[in-house]
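Each of the next two complexes has chain A plus one more chain, namely chain B in the first and chain C in the second.
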Partner chain A sequence: MKNANKGQIRIIEAFFAVIIIFSAFAVSANLSVSNHTISHENLASIGLNSLVELDRDGYFCKYITTGNFTALREALSLVLPTGVCFNLTIYDTQMQQVNTEIITNSGFGSQDIATVEYVSAGQDSPFLCYIVHMQLWVVT
Partner chain B sequence: MPAVSVDTFFACTLMVIVVLSAMAGASKIILPYVNNAVGLNAPERYEQLSKYVLLSAGAPSDWGQNGQADPQVFGLGKADSGNPYELDVDKVTRLNDENQYSVSYADAFASFGLPDVSFSLEIKPVFEVITNLTAIFDADNITVYQFEILTEKDGAPVSAEIKCRIIAESYLNTADTIPSDGKVYQNITIPDSVNGPALLVAFARHAYDDRIVSYGSYAFAHNSTETETRGTYLKLSPLNYLLNASIVHPETNLSEAYAVTFDYSASLEQVSRSNDSAVYQIPRFLDPSPVVIVLTGRNSTVFFAEWVAYPQVPTRFGADFTNSASLSSIYAFTYMVKVGSVIYRCTVRLGGPRE
Partner chain C sequence: MRTRKNRFSVDRSGQLLIVAALAIAILISSTTAYVYELSKESGNPQNQSIGDLALALKQSTRNAIISSLANASNGEEEDILTTNLGILAQVFRSLHQLDMCSLAFTPFGDAPYDSGTWLSWNTTGADVSSACANFVLDIRDGSDRAMISYAVNITTSLTMDGVYQLQDSEKHVNLTCRIYNEGLPALAESLNVFYLASGNWTEVDASGLSEADYGNGTYVLTFPVPQEATQISIHMRDLRNILVQSKYDIP
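Right, the complex of A and B next:
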């Protein structure tokens, strides 16, 4: 009688073990791998889109021509997603640096930096053209 | 419990842990390398699709203006626009399900033409305007309402210029423009002779770029009972510079209609009227600002003010990915877009079956 009970308990244990293992398979098959990071390419795309949008209607060039780099920094800080930092350097067609102050919203660097090169053309006479180099990174 | 059972239990536990670790490791390390080409290019594919939605005008290219037409090819871009990421005011407006001309996600999904890709769109102002009523002061023949107005982006303060407009029965008033570093208090004075409820519309224009504009609203009691929720008396649907007001309650009489922006305000002209609806012409304002349209009237003896923004933003449209993270690969792309003359933030989310 005792031996017979032992056998039944083993079967029940094995049954539970099978249920647990198959449950583990079923659950783990649906485990999602969430990746909320901004990729390098996406960062460059975000930066370029922000520059294009700010340059619409000649605003970007107007900021540079008038030397209003504070406005440029504030506008860029607002349109870029929270947590994205940038550093902007502006050159004229002779590749002479135009910005007299550092245009950035953060002093901290990162290992993963995306670079965007953009050409901004003015809409007023005389015709002015600037080459903008922007580095972007995500605050870690 | 016999020792054999304890052994079996620990053995099973160990086995489960090993199996789970192996599966997690395999999915993280090995699977990306054994996926097919589509799987490897999925992020790029979804990014291009998100751009396509915003850059293409769709077909017919004027599907936004015609409230009865559904798009055959889905795209939100403004037709004949020379600028990228410039969206059509009416196409964006038709994404809002509060609008009676809104397109359904089923129609949009079908016209998108990719049965393996679900999508959602979220368009909202670049920063938020939050209005709170903080104090009320009674004086002779007037009541002063003190509002706290916050301008912020993801909780961070945003410098802006604030302009408040107050609407009540036969009453439209504008407060002086005030600068704000993210938080400011504004006193609003309303004569006691004016009947409420009153509606405060606070516009905020970014201090450095006048195309970045947002707004907030606050309905409050003034010489009246408490305010009703939006849509109680009228359903407002702007489209193609016409406002369709569907009357919800039968005993509703319409009175003044206003359109307000940051710089301008105007009374709306009624184009047509029937028993259950009225149509108004929306003026084309020059200043970069969302247009807030306020329609006032009376239901029996109760005064009301219903409002809607044109374009009807913020809006969220499409698939709900909240609970489908385990079944889908979801990619989100954020763009700055121009709708009308105002810059908005648009997030496109695309998802497909997990490879």
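Right, the complex of A and C next:
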């Protein structure tokens, strides 16, 4: 009887061993997934760096001056990571709203909204600068 | 004795399997945890936000200087730099009214700069349009404070060399122009060629002007001018609309 049960016990032990190893993999996978979520600080940083990147050659301010808000929206959508949504409001130095249309790549988002303020100075003459108010959130 | 020992190792091999699986699981988990800890961003988020803000402000001041130099080189008064930077500093102040961020600037005043601008055209060496200013940025974010001093220098320079030969009562000129932004090869937005004959400057006819663009800031121009022409003047604008001029003698 003892010898007859030995095979079944061996199988149960092997089963336990497999469960232990798989649970280790499951815990590890969860750790690496949670690392990829974008935090609030990261979102603000990503937004500000995107604006700086677009403004590097003066195109950002040029789009505002020429009223090409569609190009502005498309450029921002390209620069920002996938899944990040934004809403942009632009003011002149007198705090009058410049954008005549809503600049957003709308999407349903989380309640965690990061806000970024950026002063965009143009390279063209005459000198113009705008205050850019940007809200960012991660699409859910 | 040997048989008993063998039996013992066979009896315990299942438990050994579990112990080995546990060891492997611990190894996998600890390796993943270590990689996770390493990949986590270091540094506190406040320092990061100060760094980002400083980067953004630097970008804005750089753009303001480019705009001012484009204005000054195209005929505006040279103190336009002070005026434009004053506007920018005012905008920063109005945006950060709680004194979170302040920007102080000083246009570079040492020779050859005047009010932060230096236009040196029609010399024998490289011709230059340049603007320079020093900035002090004071940023406070919670308990953190950063004071950053930096200088921004925007320079467009043009070098020119060439040859000419007399042919059929005309001078055939071959010029090689090189344009640079901050010392690096740049592209030209537009260029105009003039010649001086009988005390008058006349623009070279576009139909007679042959221009080879090498795509690395080097432009080779070939064109005929009347025999009495004594000087050539090139007016070149870079992609930032900063104008620089250079002259070449053809005695």
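What to note about this one:
Throughout what follows, the second predicted complex is superposed on the first by the 103 of 140 C-alpha atoms of A that agree within 3 Å, B and C clash if a C-alpha of one lies under 4 Å from a C-alpha of the other, contacts with A are read in each partner's own complex, and residues count from 1 in each chain.
As a convention for this text, a residue touches a chain if its C-beta (ideal position, glycine included) is under 8 Å from a C-beta of that chain, and two chains touch if they have at least 3 such contacts.
Predicted model, so just to flag it, every value in this text is computed and none were measured.
By the document's definition of touching, of the two partners only chain C reaches A:Ala44; chain B does not. Contact with neither chain B nor chain C is seen for A:Ile102 once the two complexes are overlaid on the shared chain. Of the two partner chains placed by superposition, A:Val139 touches none, neither chain B nor chain C. Contact with chain C, but none with chain B, is seen for A:Ser120 once the two complexes are overlaid on the shared chain. Legend: residue contacts after superposition of the two complexes on their common chain; A:Pro81 is shown touching chain B, with no touch to chain C. Contacts of A:Ala71 after superposition on the shared chain: chain B is touched, whereas chain C is not.
In the superposition on chain A, A:Ile21 makes contact with both chain B and chain C. Legend: residue contacts after superposition of the two complexes on their common chain; A:Gly58 is shown touching chain C, with no touch to chain B. Residues 9-10, 13, 16-17, 20-21, 24-25, 28, 31-32, 39, 41-42, 45, 49, 52, 56 of chain A contact both chain B in one complex and chain C in the other. Looking at the complex, you find that chain C touches chain A at residues 13-15, 17-18, 20-22, 24-26, 28-29, 32-33, 35-36, 39-41, 45, 48-49, 52-53, 55-57, 59-61, 63-64, 66-68, 70-71, 74, 76, 80, 84, 87-88, 90-92, 94-95, 240-241. Those residues of chain A whose C-beta lies close enough to touch chain B in the complex are 9-10, 13, 16-17, 20-21, 24-25, 28-34, 39, 41-42, 45-46, 49-50, 52-54, 56-57, 59, 68, 70-71, 74-75, 78-79, 81-82. Across the interface of their complex, chain C is touched by residues 9-10, 13-14, 16-18, 20-21, 23-25, 27-28, 31-32, 35, 39, 41-42, 44-45, 48-49, 51-52, 55-56, 58, 61, 93, 95, 117-127, 129, 131 of chain A.
Within the complex formed with chain A, the chain B residues making contact are 2, 4-5, 8-9, 11-12, 15-16, 19-20, 23-24, 27-28, 43-44, 47, 83-85, 126-127, 153-154, 156, 158-159, 206-209, 211-212, 325-327, 333-338, 343, 345.
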